[in-house]
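One chain, subunit A, appears in both complexes that follow, with subunit B as partner in the first and subunit C in the second.
And now, the complex of A and B:
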């Protein structure tokens, strides 16, 4: 049984990582048409460095993802606090309404947003992309932070208050430090949701302001070059580094205390 | 040093009254247990005194201060929770120092007081550990140290020992009592464990359906229960019901039972409570009261033999007998039980 489990694990990892590794390797191959034999070259990275359109789109993506991550995490965490620790009218309805957006196909959300933004005069462009991405990311943040909240007993805050803390002080000195791995996880989630986002970005981007996924899509339609592999590799390594640092320190899923 | 008073305190959730007009006083330096089944309102009363719940009506006084409108963090209480509630992201020393810091005590003075509190709960040198490195009993000691280091006006304990296993609980009871005596803190202790309440308290308050049905010293509450509920909830009890006649009680089977309790008027129905250990198996002697019964179940528990019996009328009775000479009666044996009038207590239903 144990060896079977190990086999499944290895098979899963192979299927997950082989295409990615091949994609990364081809970014270093001389041939434009992905021909073998493999000849090492940094040619496509040089080309990428000079491809201002792709680089700008990449930069846009990162900026939007960063802002989305910060704004959605702040708003979503506040919503989580209210939903976990307070009682108010309409709370269960609100709680219920937060989840469907995760299940609604992005194509539908995107179309709805495009129509609404056009009709309301918000229009398209960076600001529209930000609004769209933040709205999309908040439910994920509420979900992740809310799960974190459930692991923190309410009587910890009560203990702090019995010792002289105001509710605000109790929150910042007790709850927030314990919640911090969940908040960090939620921020990464929001960052990934934004960085990954193609459908909604495609609808809300303007010709002058696009994000990387949208730009890659347009580039592929014009003609595929390994520059795409190169920028994908850069992006991949960047986000992998962030995730691995997070996993190293926060150990998601590990409820034991760090010794 | 401070006493605690609650005056006409009531609390209703929706349409369910949880506490109905409670008035009582907890004397300075005393140890009082609030004992009752779940839903009796004991925890609600404690949380009203702590300030976590605002009563619908009534006053809470700590010392000479009316604290009814003072929030928890302004009441200077020490509280222990069922789940220990230690801050997992802080060391033991940081946990204990938390309340001191809120009172502006920091640095060397804080360290000195933390060390002294940890010595008091017999965990000297544990300051640098984290809560997760401690056993349940040790965590509970830290929680106690954290609650008393701030020199609270009142110590509130919300079933703090219920999560511990039996041995550890008994050990902690002794510790708790020692520290309470040393510190002289007015202590209010919520529990549903009757033995714990009897062992620890200067006074026991028995709560039922949002009311204090009886409050008094453990011996008084145990020996002279006022109501059927008190008699049943605190310990075991046999109940006999009959009509008052010539200063005694006539049972349905015709026997006359004497009691030293004040009985209601002749002709009215009354319930008598007799503790199972106060009854004895008749051996020719003439005690004031006696009744015949048949043994239905024998429970052999080593030092104590516990018999379940039934009278001819089908009334169930219990008898606790010391295992003095090793004779154990058998199921089906017909015996005569005797007891004195002094241990026959008239109780309200």
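And now, the complex of A and C:
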């Protein structure tokens, strides 16, 4: 039974990774029409270097992801402090309000943003993308930092205060240093969420300001060359790296209490 | 407004000297919460309300045409019967994707819990989850490389049978389902795994020593115990799948017309925002009904 289980898991991994590996390999294939036999070539990566549109879109994606990560981590951590350490009425409602950005299909959220931003005069473009990306990333930050809070004992802070520390000082000198791994993990997660976000960006981007996923989507629909495989490979490896670093900070699926 | 609802934080432990002009706790609590909820209000809640209002307009308020309040956008399902067919297609794609994910994901979670342990299990779990957190668009694009005519699948076939025709099934509904299963399987494995990992091995050993066969253990012990994970996994697969539009677009081609692509079209091609808004809201109503039905299971699932 054990070997059957392992075989099944390997089959699952083959199913999950085969298309990705095939896509990556075709980025190194000479033929423009993806014809086989496979002939190794880096011409599509060379072409990528001269593709201003894809490179600009990639740069936009990274800048948006960086700003989103910083803003969402700051706001989400603040909210997490209140939600984890304070008691007040309406708390469960506020926790419930974190779910829509994660749980409602992005198509609905994205089109709603498009309508509201148009109607209110906020418009589309970089600032609109930032508003949307930060909103999507905040709930994840609150969740990741909140998990971190659960592993830190509240009485450490109280001990510091009973020894004469002010609440603010106790937070910054006792709790925050213990929270750093969670906060860093949350920042990485927010970065990855923004970098990979396509649906919201698709409705809020303008022809003059797009992100990489939006540009890849329009290329796929208009007809494409293995250049798209090359840039997709770069994007995939980039976000995998970020997620693997994140996994070092907060183990996914690990719900044990580290207290 | 919100401040009125806040009550004082509970009394702290023994407190040392504080500076005399300490603010009441609700002030700082509000200050901590304000930025996040203000942001979410502008970015998510006001947009949803605006979209709800838009769904009652007679036309997109951009041209000179007079705008009146109407329910006609919600009558679209009766006025344009083809929408009913598209809605059914979306639900069917959602149903098959969820069912296949549930079967494959449950078995993978069982295999993880029963045949692996320690570092190997941790590694496998990370490997399974890694694709889930990468770009979905790129993963869908990857499938076109495998399923297209003379793609990877055909190459494999031609290695065995050089004269065989093409078995590539890109631009069919099967392709859409395969792409969606690939996208959401990792999540189903995770939710089932979380439910199964807490099961005490002794229960299964006890059952086995009392003569239970493997299918009895699988269906009478593991399946019921994994049910909360299966249900939350199913909800969290079905909901995004019925709202998907790029997967049907890229993998379905001309047959890939779903609720998602129709809504996308209203905003990017047809420019009929009120119709798009009413369809979006119909979809949202379905989603909320699903969440309401399974809220108990979902809450227990996330609280674990």
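The working rule: the second predicted complex is superposed on the first by the 232 of 259 C-alpha atoms of A that agree within 3 Å, B and C clash if a C-alpha of one lies under 4 Å from a C-alpha of the other, contacts with A are read in each partner's own complex, and residues count from 1 in each chain.
Basically, a contact is a pair of C-beta atoms (placed from the backbone, for glycine too) under 8 Å apart; a residue touches a chain by one contact, two chains touch by 3 or more.
The shown structure was predicted, so the numbers you read here are calculated from the model rather than taken from an experiment.
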Looking at the overlay, does A:153 come into contact with subunit B only (first), subunit C only (second), both, or neither?
first
For A:203 in the superposed arrangement: first (subunit B), second (subunit C), both or neither?
second
Now for A:9: first (subunit B), second (subunit C), both, or neither, which partner does it touch?
second
Considering only touches as defined above, state whether A:36 meets subunit B (first), subunit C (second), both or neither.
second
With the two complexes superposed on chain A, say which partner A:162 touches: subunit B (first), subunit C (second), both, or neither.
both
Considering only touches as defined above, state whether A:92 meets subunit B (first), subunit C (second), both or neither.
neither
Which partner reaches more residues of subunit A, subunit B or subunit C?
C
Partner chain(s) touched by A:228 [first = subunit B, second = subunit C, both, neither]:
second
Hey, what residues of subunit A end up touching subunit B and subunit C alike?
155, 158, 161-166
What does subunit B use to touch subunit A in their complex?
50, 52, 71-73, 76-79, 81-83, 85-89, 98-99, 102-103, 130-133, 146-147, 150, 156
Using the touch definition from the top, list the residues of subunit A that touch subunit B in their complex.
153, 155-156, 158-166, 169, 173-174, 177-178, 256-257, 259
Subunit A touches which residues of subunit C in the complex?
2, 5-7, 9-10, 12-19, 22, 25-26, 29, 32-33, 35-37, 39-40, 42-48, 50-51, 54, 61, 104, 107-108, 110-112, 114-116, 122, 124-131, 133-139, 141-146, 148, 150-152, 155, 182, 185-186, 189-190, 193-194, 197, 214, 236, 239-240, 242-246, 249-250, 260, 263-264, 267, 273, 276-277, 280-281, 283-284, 287, 291, 304
In the complex, subunit A residues that touch subunit C:
1-6, 8-9, 12-13, 15-20, 22-23, 26, 34-36, 74-76, 78-79, 81-83, 86-90, 94, 97-98, 100-101, 103-109, 111-117, 119-120, 131-132, 134-135, 138, 142, 155, 158, 161-167, 192, 195-196, 198-199, 203, 213, 216-217, 220-221, 228-229, 232, 235-236, 239-240, 243-244, 247, 251-253, 255
